[in-house]
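Both complexes shown next keep chain A, but they swap its partner, so chain B is in the first and chain C is in the second.
== the complex of A and B ==
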């Protein structure tokens, strides 16, 4: 294989992998703290994509500026999903189990409702937003690097680092980590656990708000687009180590690069199957994921 | 649902009249049209519907079907959502519930193929519009017709254009990469290109399919780059064609003898609204209809169609709009000769179709005459190249305007302004 093509594939893989990792951050955070597998993760990204799209159509706001709306909007949606839909379940089950398994089914229901409401409201047509910024590709040697993807990649790294720092240093961050490590002990020491849960869910969703705006310029927007990213996010999170923020990015990069290189040898759709094989293999060797604590 | 109720009432009446006997006068002939009015091909479906509706209005305003005492045409639309299963059930609904005399559809080959089978089973004439999958008119069916090209013709025209330009300039591609959508249309086209390219001495260096509605083509574009192909043949519907074209533009992927699209997205005017003009410069497009044919001589008889179409959709009549318009005049021609809404009589009349003039020829074929499999063997398309923001015919040579100078080989991205 031509080394230029190979390095090209690595660059493409890193870019898309970083974006996968960034999208998966919220899922990882929510699972790490609430022990809830949020099946509606992709659907929330889909909502954010549509929010960015409609803001451009109705208000003429460039997708990159729409961040100031989509991030708080998705925070609100996430906060509401947790406090209205999931919280009663956690309250009911808290005495019985530590990991509310039925929350998985509940969020699966949320996913079905959101996706089908979107289909009803927006129709099945493919849409795409356009940015008014001129974003010519950057040349990395002979390899053109797509600017909107590079921005997405950069945002994933910045959000991961920023979030880790925030969790470490702020009062709310410490409260979130306390709840994650032991819910009952945290409650006993006076932490408002339901609020921490809702804020965590909100933050997880607001990251999707950011990526909705950043991806809207190059991802075709349909009501089903969330599923594609949702499933990828699960793989990325489990691969990287559940609850680990750097693990989420690393998992994304591994999947992205692996698929980009494998696609050069087999049809691109078969490469996705191979990446699931890689996923099984890594988990056989390291059941807690690449960056997870054993 | 009131309109649906009365419509059913009208058709019920029409059906009972039909039972009484064909000799009796009929006030209306119901024509079913199964089209992608939503989903990936929705934009195309709207163009068909617009062309069809204009033709129906014209025919009715001009006194309907004269052989049937001025019976009016009535178009009933079914939405396939661009999906085979929905298309099949819509076809069945139109035939059994709406009691249509004839069905037209369905643009997407993956839909037309099974849906026409349903029509055959119900002994209802089916006129294929837009779909090119060869096998649609290769099944020895009695009720299935197709006015436009089949995939073999499309593929042959694409290679013919390369051969022509090679002959004219002494330069041309040796290797071809193929990248196409993985459903019936794309695969059928790829199989034909594979066969014809081999006969003409071209090497296929990449042969890659992609399932519909992708979000990223980076990996596949890299494969095309790695294959160092001289020319690229693509077959995609609008959404994926948009993604492909945008990403090729972003990546500055040079193909010395150009991108040769077999239509789909690149014949859809809404496609051109969504991509920057630089991204589609020098594209070769296999057109269902010579797009620049109407620029020279004016045909006042089409003013009505052209103004109404533009008013409805805000762009000039597309190949799809023209096909829809032409379809209704082909059906009208058959009805004038069958003098009945009886499905078998219409079938017999259709099979004897031989049109060489009139509005049915708007679509630009030499003649409309079906072979024993229902294929119009006189269909032909044209190959255009996007030069200075316009698609100008370069093949066949006799249709090329004297002012059209094909860019061959096409300029590299670095040499473009």
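== the complex of A and C ==
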């Protein structure tokens, strides 16, 4: 195998993997705090992609500028999903945590509704947004690095570090960690737990708003695009260690690089299956994930 | 101005169809230490959870310095000034000791004065200051209990409740903890305390209540209760 082609594959795998990790951050955060697996995670990314696309079509807003709309928009959608749809379920539960299965079924319902509404509203056509920025590849030695992907990769790192820092140092961040640690004790300490839940869900979704804008120029936008990203996110999060933000990025990088290299030797679909094998293998050795606490 | 710090009147509460409290009426006066005695599973913790708003009252009223609080959600009860250190400590074990304390000061009134309160808590329990940057999970049982009490104090309570603070502690730690509780009383914070250490707590308390079958069956000053025949035979094994 030509080393240049292989290193090109590795670089691309790192970029895509970082983006997977960034897309998965919200899933990890939401699970870490609410113990809810958000099956609709990918659907929210799909909505963000369409938001970026339509903002360009209707208002001529460049996808990179549409961030100022997609991020707050997705925050609002996430906030509402939590406070309107999931909160009543949590309120009914007398135990400390929500029954994982009932929450999963609920968010699976949200996924079905969103994806089918999108299919009705937007049709099955594949769409893509275009940016007016000239983003030529930068050269890393002899390897060309795709600029929009590099931006997505950089955003994933910045968001992961920024979010971890925010959780560590701010009053709201501390409150979120307290709720994740012990919900009743947090409430007794004066924290508005339902509000923290909604804000956490909103933050998790708003990260997808960002990536919707950043990916809109190179990901084919269809009503089904979410599921693929959703399942990848789930694999990435479990692999990296559920609830761990650095784990999400590391998990993404592992999957991204593995698939990029494997697809040099086998067709891409088989590479995806191989990555599932890797996923199972790593979990057999480290059940709590790469960066998870045992 | 003469309303008691805490007053429940004919309080009913339970879980689903299970009735636990069947008309509990009691008061904690300003500046008082009041003890609540009762057998395992009689509903002492349920009473505190109901006052805090974690369990919804099915009937009756709860007042804090004359203000009705039975309909408030837990965070508003804490903001109103009723704060409890819950049974089993319920610390944020994967957070730092100082972070546990700062979370305690989440309500706005307390947050503005958190630096000052932190100093006061560290003065009360110096071991917490020494280990402020360690994880709460690294503390011994007695130290964890001090952290739980300290976290409750961080909310600047107008009335403080302690649910079995001495549970599982070595005798020397129990003494140290009770010493801390006496000091809290000197801060003019009324204390409502649930204890299995009946003898020790009634010695310290101004008054006490005995909870049996969802109701208060006996009340009096600490001394009176210690001399009561029923209490002696049932709870002190004398």
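The working rule: the second predicted complex is superposed on the first by the 287 of 294 C-alpha atoms of A that agree within 3 Å, B and C clash if a C-alpha of one lies under 4 Å from a C-alpha of the other, contacts with A are read in each partner's own complex, and residues count from 1 in each chain.
Everything below uses one rule, namely that a contact is a pair of C-beta atoms (placed from the backbone, for glycine too) under 8 Å apart; a residue touches a chain by one contact, two chains touch by 3 or more.
Quantities reported herein were computed from a predicted structural model and do not represent experimental measurements.
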Query - Fit-or-clash call for chain B and chain C when the two complexes are aligned on chain A - result: fit
Requested in this report: In the overlay, answer first, second, both or neither for which of chain B and chain C A:235 touches.
Outcome: neither
Query raised in the report: Looking at the overlay, does A:182 come into contact with chain B only (first), chain C only (second), both, or neither?
Result: second
Report task. Once the structures are superposed on A, label A:8 by its partner contacts, choosing first (chain B), second (chain C), both or neither. Result -> first
Query raised in the report: Of the partners chain B and chain C, which touch A:192 in the superposed model: first, second, both, neither?
Result: second
Query raised in the report: For A:103, is the partner it touches chain B (first), chain C (second), both, or none of the two (neither)?
Result: neither
Report task. Using the superposition on chain A described above, determine whether A:271 touches chain B (first), chain C (second), both, or neither. Result -> first
Requested in this report: Name the chain, either chain B or chain C, that contacts more residues of chain A.
Outcome: B
Query raised in the report: With the two structures laid over each other on chain A, which partner does A:171 touch: chain B (first), chain C (second), both, or neither?
Result: second
Query raised in the report: chain B and chain C, closest CA-CA distance after overlay, in Å?
Result: 40
Requested in this report: Return the residues of chain A at which the contacts from chain B and from chain C coincide.
Outcome: none
Query raised in the report: So in the complex, which bits of chain A are touching chain B?
Result: 1-2, 5, 8-9, 12, 15-16, 123-126, 128, 137, 144, 146, 218-220, 222, 224-225, 228, 259-260, 263-264, 267-269, 271
Query raised in the report: Tell me, which parts of chain A touch chain C in their complex?
Result: 94, 171, 174-175, 177-178, 181-182, 184-193
Query raised in the report: Touching chain A in the complex: which residues of chain B?
Result: 38-40, 42, 81, 182, 208-211, 213-216, 218-220, 222-223, 225-226, 238-239, 242-243, 246-247, 250-252, 274
Query raised in the report: What residues of chain C sit close enough to touch chain A in their complex?
Result: 15-16, 52-54, 73-75, 78-79, 83-84, 86, 90-95, 99, 102-104, 106-107, 110-111, 151, 155
